[in-house]
Amino acid sequence: MPPEALAAVVAVCLPLLYPAMALLPSTRARVMRFALPLLPLPALLLAVFSDPGWQLDMPWLLNGGLWAMDELRRLFLLLTAVLWAVAGLYAVGYLKADHLRRFCVCWGLTLAGNIGLTLAVDIASFYSFFALMTFAGYGLIVHEGSGEALRAGRVYLVMAVFGEMAILAGLLLASAAADSQMLADLPAAIAAAPQKNLVIGLLVAGFGVKAGLPLLHFWLPLAHPVAPTPASAVLSGAMIKAGLLGWLVTLPFGEAALPGWGALMVVAGAVAALGAALLGVCQRRPKTVLAYSSISQMGLMVLMVGGALADPGRAAVLFPVIALYTLHHGLAKGSLFLSAGVSMPTAAGARAVTWLLIALPGLSLAGLPFTSGALAKLAMKEGLSADKLDFALSGYLSPLMTAGAVATLLLVLRYLWTLARTQKTGRNPPALAAGWLAATGMSLVAFWWMPWQVDGLVKAPVWLPKMYQLWALLWPMLVAFILAAGALLVSRSVKKR
Amino acid sequence: MMAGWVRTLITTLLCLTLSGALAASIWAIAGNPTPVDLPRLLSENMDRSGVAHPVTAVLLNFRSYDTLLEIGVLVIAGIAGISMAKTASLEDPELRTSDTLLYALQRWFVPLMLVLAGYLLWAGAERPGGAFQAGAVVAATGVLMRLGGIPMDFLRPGLLLRLGLGLGFSVFLVVAVASAIGGEAFLAYPPGLTKALIVVIESVLTLSIAMVLLALFVSAPVNDAEDPEEGGPA
Amino acid sequence: MTLWLMAGLLFTPLAWAVLTLLTDFRWGRWVTSFGILVQVLVSLGLWLTIARDGGFYYGLGGWDAPLGIELRVDGLAVTFVLLTAVVASACGWHAGVYIDPDKAWHRYFWPLFWFLWSGLNAVWLGGDLFNLYVGLELISLSAVGLVALGGKAAALRASLRYLLAALLGSLAYLLGVALLYGQFGSLSIAGVATLLADNPAPAGSGLALALMVTGLSLKTALFPLHQWLPPAHGIAKSPVSALLSALVVKASFYIAARLWLEFGATIGSFAAAQLVGLLGSAAVVWGSWLAFRQQQLKQVVAYSSVAQIGYLFLLFPLTYSVSEAVSLQAQQGITLQVISHGLAKAAMFLAAGNLILSVGSGRIEALAGVSRFLPFSLFSFGLAGVSLMSLPPTGGFTAKWLLLQASLGSGQWWWVAVLLAGGLLSAAYVFRIYRASFLERPETDRFYHPPRSLEVIPLILALLSLGLGLASEQVLSVMALPFEEAGAP
Amino acid sequence: MMLSVWLPVLALMTSLLAAVVIFALPEQGYRLRTAVNLGAALVKLGLVVVMVWGVFRGVDYGVSFTMAPGVAFVLKADALSMMFAGLSAVLWLLTTVYAVGYLEDSPNRSRFFGFFSLCVASTMGIALAGNLFTFFLFYEMLTLSTYPLVVHRGTEQALKAGRTYLIYTLTGGAVLLLAIAWLQGVAGDLPFREGGHFTENDPALHTSLIGIFVLLVAGLGVKAAVFPLHGWLPQAMVAPAPVSALLHAVAVVKAGAFGIVRVVYNIYGVEASSVLGVLEPLAWLAAFTILYGSVRALWQVDLKRLLAFSTVSQVSYIILGICLFGPVGAAGGLVHLLHQGIMKITLFFCAGNYAETLGIHRLDEMDGAGRRMPATSFAFTVGAFGMIGAPPLAGFITKWTMGTGALDAGMDWVIAVLVLSSLLNAAYFLPILHRLWFRDPPRQWPHERRWGRLETSAWLYWPTLVTAVVTILAGVLASLPFSPLSWAELIVLREYSP
Amino acid sequence: MTASLLYALAGAVLFGMGLYGLLRLPHLLRKLLAFNIMGSGVFLVMVGLPQHRGGADPIPQALVLTGIVVAIAATALAVVLMRRYYHLSGMTTLEEPSPEQRPGGRR
């Protein structure tokens, strides 16, 4: 057994078995919370230090288990591990005593599911971890126990169950078509299957529930605000990405041209990116705004997925971009969510620094130069450029992305605005602050350490974008600022009357 | 429930039909000869039977098993009869008569009847008659005596009565089994002793039969013995 | 050897009847147990002999048929002899403990018991029409005597009713015998059968057979001639009820069956066979229904006999103008039914007696909650009930299985409905009693445990009835070609 | 050689003897009775393990003797037998342990355990039966031995339920008997044989064969609780929890389903059945039952009744599975025989724990029970998710295998049924889980009892946990040799290539 | 037609008459007498039918003799039972008494 394989087992089993600590007498169970940030560490180590390509064969597991690592999964694993680690750290400070054990149990199980599904290569374990994450996630959402939380949980659960079933049916059909229990065999088989549209439809819808596809997104804005903040962070940063990963590993990218599905996804992405922004700016609660922002961002990613579906030749190029974008968004959004629970220091200087640190990941999302956002946006633009894409809707992609950038910033501004109105002042528990700072730091810094040699799309860290790129990045931001300023003025004047 | 007259009508019709069918059957049967001529067979074997009269031969030799069981039936009736008798005393003052005529008649008749019975028994070997007829006459004698108020203590349900009841039957049985010990088939009389044995059997049978009939007459139940039944309310 | 076995069989009961007549009840018990031992050994010996060598005819008194009386000792007969030995000894043993020895009149139980036994043996082995009549009367009168023994008005009414019915049946039978004799000049069943085979269907014999079968049906309590049975069986003492239900009614049926199998093919008719079958079916349904409606435990069992007897009469349609194989199946099925019902019903009556003794009342409601005392008798009752329901692995089941096969094989599928419905109906009344026993009532604290020996006997019988199903092949192999003993003299 | 004859007999006799001994023991002989119970259960488990190993290696275990003219009593151990036998042996042990705890201090225990053992003996007999006749024998014995358990409490309600139970099962038994007798008339005494007997049958027989099949399924369907013959099952819920557990998880309903498996595989043969065209209607019926049971479960307020309707639904998976023409679907159906057993027994144990510890019977009383009884609630959660078919639990393996099989067989509509049923299962189980874990407990439980350190009596605690863990393991380790799935595949392999 | 056959036919008539009496007459003693009439009918048939052809046949005569004994035994038993029954219940018919005086009946 290669050491990576051992590490993978540890990475999955540690959070999976961690809930057993709940069996300890309740006095000692308080220790549980301190373990939270440690749980994803093996996974983090695995993501950082292992070279892709190893695999762990477990023929006795389910229908024959196989866990392995490739570039795509490594990125997702990295995101997952980092985000859960910082959120865990944050949670140590955030959590109150009541229902602590329950929260920890759900946390561990959700984490195990999230890590496991990124590692799993066979259908059964992938689906198992996916389901584990889904159902355990319910516990995180309803943790507060308020009526709102319960309603959100109910919506989440209903939609998740429907999603699970769609996935089950899709996977079953695909697996039967492929006559294989491995995810890797599915895309080709789906492309060749007579019922491919049914299968694709089921998978798109099924994973779409997690990924917040329009009309399947209802749970997101309900669940995020009511969940405990660290849970919202991982929910939005990592868990919804699992839906994306599901698409990436199952849909027939690069196997056949599916312009119909491509177009559908592009439209869906556009609706998500812009519609969510429209709805989001009207929200009053910061975390709701962020939830819509997530939907909007996922919409942008869906654009890429649509492009990749439509043009088989381009899929290979778009994959790393999607992965990068995911990583970027996950970290930034995680940081933003965590910031929602941070109390403002009273000192003015500290306050300014805090605001800056809160705003930076947001601006990064919007594509501020020298941030991960800029890089991701540029890569996306490159990947979806009309001339390289053989696709009917490709002409619309560029303006869509630009509009998306505007929308993104608007949402971020709205978030900051609402946050400023609701922010409490006071001292933060150290762990909470540490978690948030770590998240922000990761969002701003860690991006640059990433393994960039992903199939040569972006050759090296682009410290300094070229001039035209800079402009391309900045003018949507300007538009957004102007719009925001306008809106502010209008609202002031309206209020004065 | 059906009205009474309807049931009567139906029963009448049923009985008439049955009689008619029976008569028709008899008529039909009477028209044909029997395939087996049993009387001839019987007469061919008479000399081996030990008695001269064919009926007695059939009863006590050819079909003696029937007779054995028949006596058994009689004994059963006797047993069942005395099992009903729960009276302690056979002295029933109401039965004692002071009618002198009856008394006189009794004096005359009893010996006469006993002689008659003896004759019947004896004659059974050659002509109609036999143990049962004799027994019946003896029993009738007993009845007469009983009506005349003569106490017959031996009829008290006791060992004596039971001995008497079983005597004929047991002798019959002993003979049957003894014949087997001698190597013959059951109920087969040893060749030389047939006549003698039949006479002995007939005699004791007469006694037993008379006892049974008499006991049945005498043991008419009179008192209120209580015997809680099973299944009754506790 | 055979000779002695025969002697033992026919004469020991008679001898013991006389012997016990001279003793009182307690002595009678000892004498009887010795006699039972002899009887069981003799029956077993005869059974083994027949199982080894096959059947034979035995002329009594050295006179063969048609002049003398001839006994037919074949597999079927000895099987019933053995059945009788088992059931009667169980009842005798049970009665020895059960019956109150201090009542003077109970001393007459033993002679009547032994006469009954001898009558049964005479009937099983009888091959002579008239001798069978005498045997039947022996059985009937002793049975009536047993029912009436020490009884009160109700018992006497029941026994009178029983007596009159039995006498009427016997007379009908005797009239049939008279007609047959008038026609054939022979009283041997085998002889008449041979004559019939040579000279098919003479006029008038149809009525003879009808009279005999009707008379015997009355004695067997075939619906609608069954009214005498439940009071008599229900009110008698439990060992007596057991004897009556298990054996006595079977005797008349046995004769009817033999007559039908010997003569039916030539002088019977399809319609008659169907009619008898139909009456049997009606008995199954009606008897079960009435059993279900009874309030007294023993009445349930008694009506159950009416129902179970109904099955027996399916023999008539299932052997009339069908193939050899089907007929054989039907015969085997009926035989098994007779045996298993005999064992089960005896067990049931004895167990019911114990239960009544235990709870002090004969009503079904009185059983509420007794199952918590785990009475053996309830268990035996249940086991026997399983056989009545014809559930596997009891003999009742195997019997029903064979009958089902025969019904399907003969194309007379309508009897299937009767067989299946009968099983369900019997479940209804058996479980009604079980149900009562499971009911939890506050007042169910009083329970008298009868002596173990009383409890063991029904259990043994019930287990035998259960085991019969597993060993039916062995049992049936002894009565191979049960009614088909070839070579009439 | 002798061993191969005696092993099945011994396996049967252990529980039979246990029953006899228990009946003979006095009511107060608590320790001795428990020892006898557990000892017998362990011995039997050992015997079954030995036989499983033997069957795996291809040893023929069997004994047969002629019982009545034309029919034989046959005990035989093949792969399918061992599946059922293994299930009942394992669950007997667990349920016995559980029952000892559950019935602590309650009256009539001797009676209970006696019939309980009889019931298991019948189950064993059903598993080992080598022909339909023998099968029927034990099938009816099962009916009889379960009746006292159903009415054990002796209340009016229990007795009423017992009556319903009897009416259904005895009628079913009668129909089955008719079918078996008819079959015997048509084709003689047929031993169970891999591949069936009618592969090359005479077209003239088709009508009767179809008729017989319908009757057989009707007779067996009563116990398998196939719609519309399921009415007894929810009523039978008045029985004590271990009985429900055993009845619903193992003995009764499984006996019916197992019988249908036997009929389709070892009497008719899959191929012949599909030629006769009887499988498809049966599949539709099973599918309908699956959905019907789930829909009815939605409206239940009593926990055990809910579980009963869930059973109605789940057992039909087995039937649906074997109706899918093809090895994979068949394996799916068969494996559910075990999976459903384990999962449902877990749930019933939990229901029993709640009832016994807290006095909870209805769903609305379960709020917050997860806090008071975390282990039980954990087991319940596992069972519920298993029923929903959530991976990686046992239920998922079933659904996955069956789904694949259905697609192999070209019966795509089955997927819809599976998905719909999972949805419905989720719809009634998830709210319960929510109640358990995410609601606040009431101040006062309906009827609480305390047992020292553990949340409930140890006798109740450990079996529940063990079955829950087995539920997980059966799913997670599905590809190990001797796992339920592997064993089902072995059976199917032998069936499809006899 | 011979005299014997006439006997036999008379026996048939007697049997029918007796049957009617046994079935329809309520009084026990009458029933018993009817039974005896029936019995006589049967005996007549038994003797008359064979005698019609071959003259006197001793076998049926013997049978009838046995039959008579059996009938007498039965009659005697019946009479004893009836007397006891009458003594205990005061009834001469087999009708069920009304429920309140029936032992073991429903209360």
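To keep things simple, chains are lettered A, B, C, D and E as they appear, and every chain counts its residues starting from 1.
Keep this in mind: contacts are C-beta pairs under 8 Å (C-beta built on N, C-alpha and C of every residue); 3 or more make two chains touch, one makes a residue touch a chain.
No experiment lies behind these values; they were computed from the predicted model shown.
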For chain C and chain D, chains touching each: none
Interface with the most contact pairs, given as the two chains involved: B-C
Chain at maximum distance from chain B, centres defined as averaged CA atoms: A
Distance between the centres, which are taken as Cα means, of chain E and chain A, whole angstrom: 106
Computed distance of Cα centres, chain B from chain A, in Å: 113
Mean-CA-position distance for chain D and chain A (Å): 44
Mean-CA-position distance for chain E and chain D (Å): 64
In chain C, residues with contacts to at least two other chains: 130, 134, 137, 141, 144-145, 148, 152, 154, 175, 179, 182, 185, 296, 362
Numbers and ranges of chain A residues touching at least 2 other chains: none
In chain D, residues with contacts to at least two other chains: none
Inter-chain touch pairs (all): A-D, B-C, B-E, C-D, C-E
Residues on chain C engaged by chain D in the complex (per definition of touch): 329, 332, 336, 369, 371-372, 374, 379, 386, 389, 391-393, 397-398, 400-402, 404-405, 408-409, 416, 420-421, 423-424, 427, 431, 434-435, 438-440, 469-473, 476
Interface residues, chain D side, partner chain A - complex: 374-375, 385, 389-392, 396-397, 399-400, 403-404, 407-408, 415-416, 418-419, 422-423, 426-427, 430, 434, 437-438, 440, 475-480
For the chain E and chain B complex, residues of the former touching the latter: 5, 8-9, 12-13, 15-17, 19-20, 23-24, 45, 49-50, 52-59, 61-63, 65-66, 68-70, 72-74, 76-77, 79-81, 83-84, 87-88, 103-104, 107
Chain C residues touching chain B - in the complex, by the definition given at the top: 3-4, 6-7, 10-11, 14-15, 17-18, 21-22, 59-63, 66-69, 103-105, 108, 111-112, 115, 118-119, 122, 130-131, 134-135, 137-138, 141-142, 144-145, 148-152, 154-155, 175, 179, 182-186, 191, 195, 198-199, 202-205, 207-208, 234-238, 296-298, 353, 356, 360-363
Chain C - residues contacting chain E, complex: 130, 133-134, 137, 140-141, 144-145, 148, 152-154, 156-157, 159-161, 163-164, 167-168, 171, 174-175, 177-179, 181-182, 185, 295-296, 362
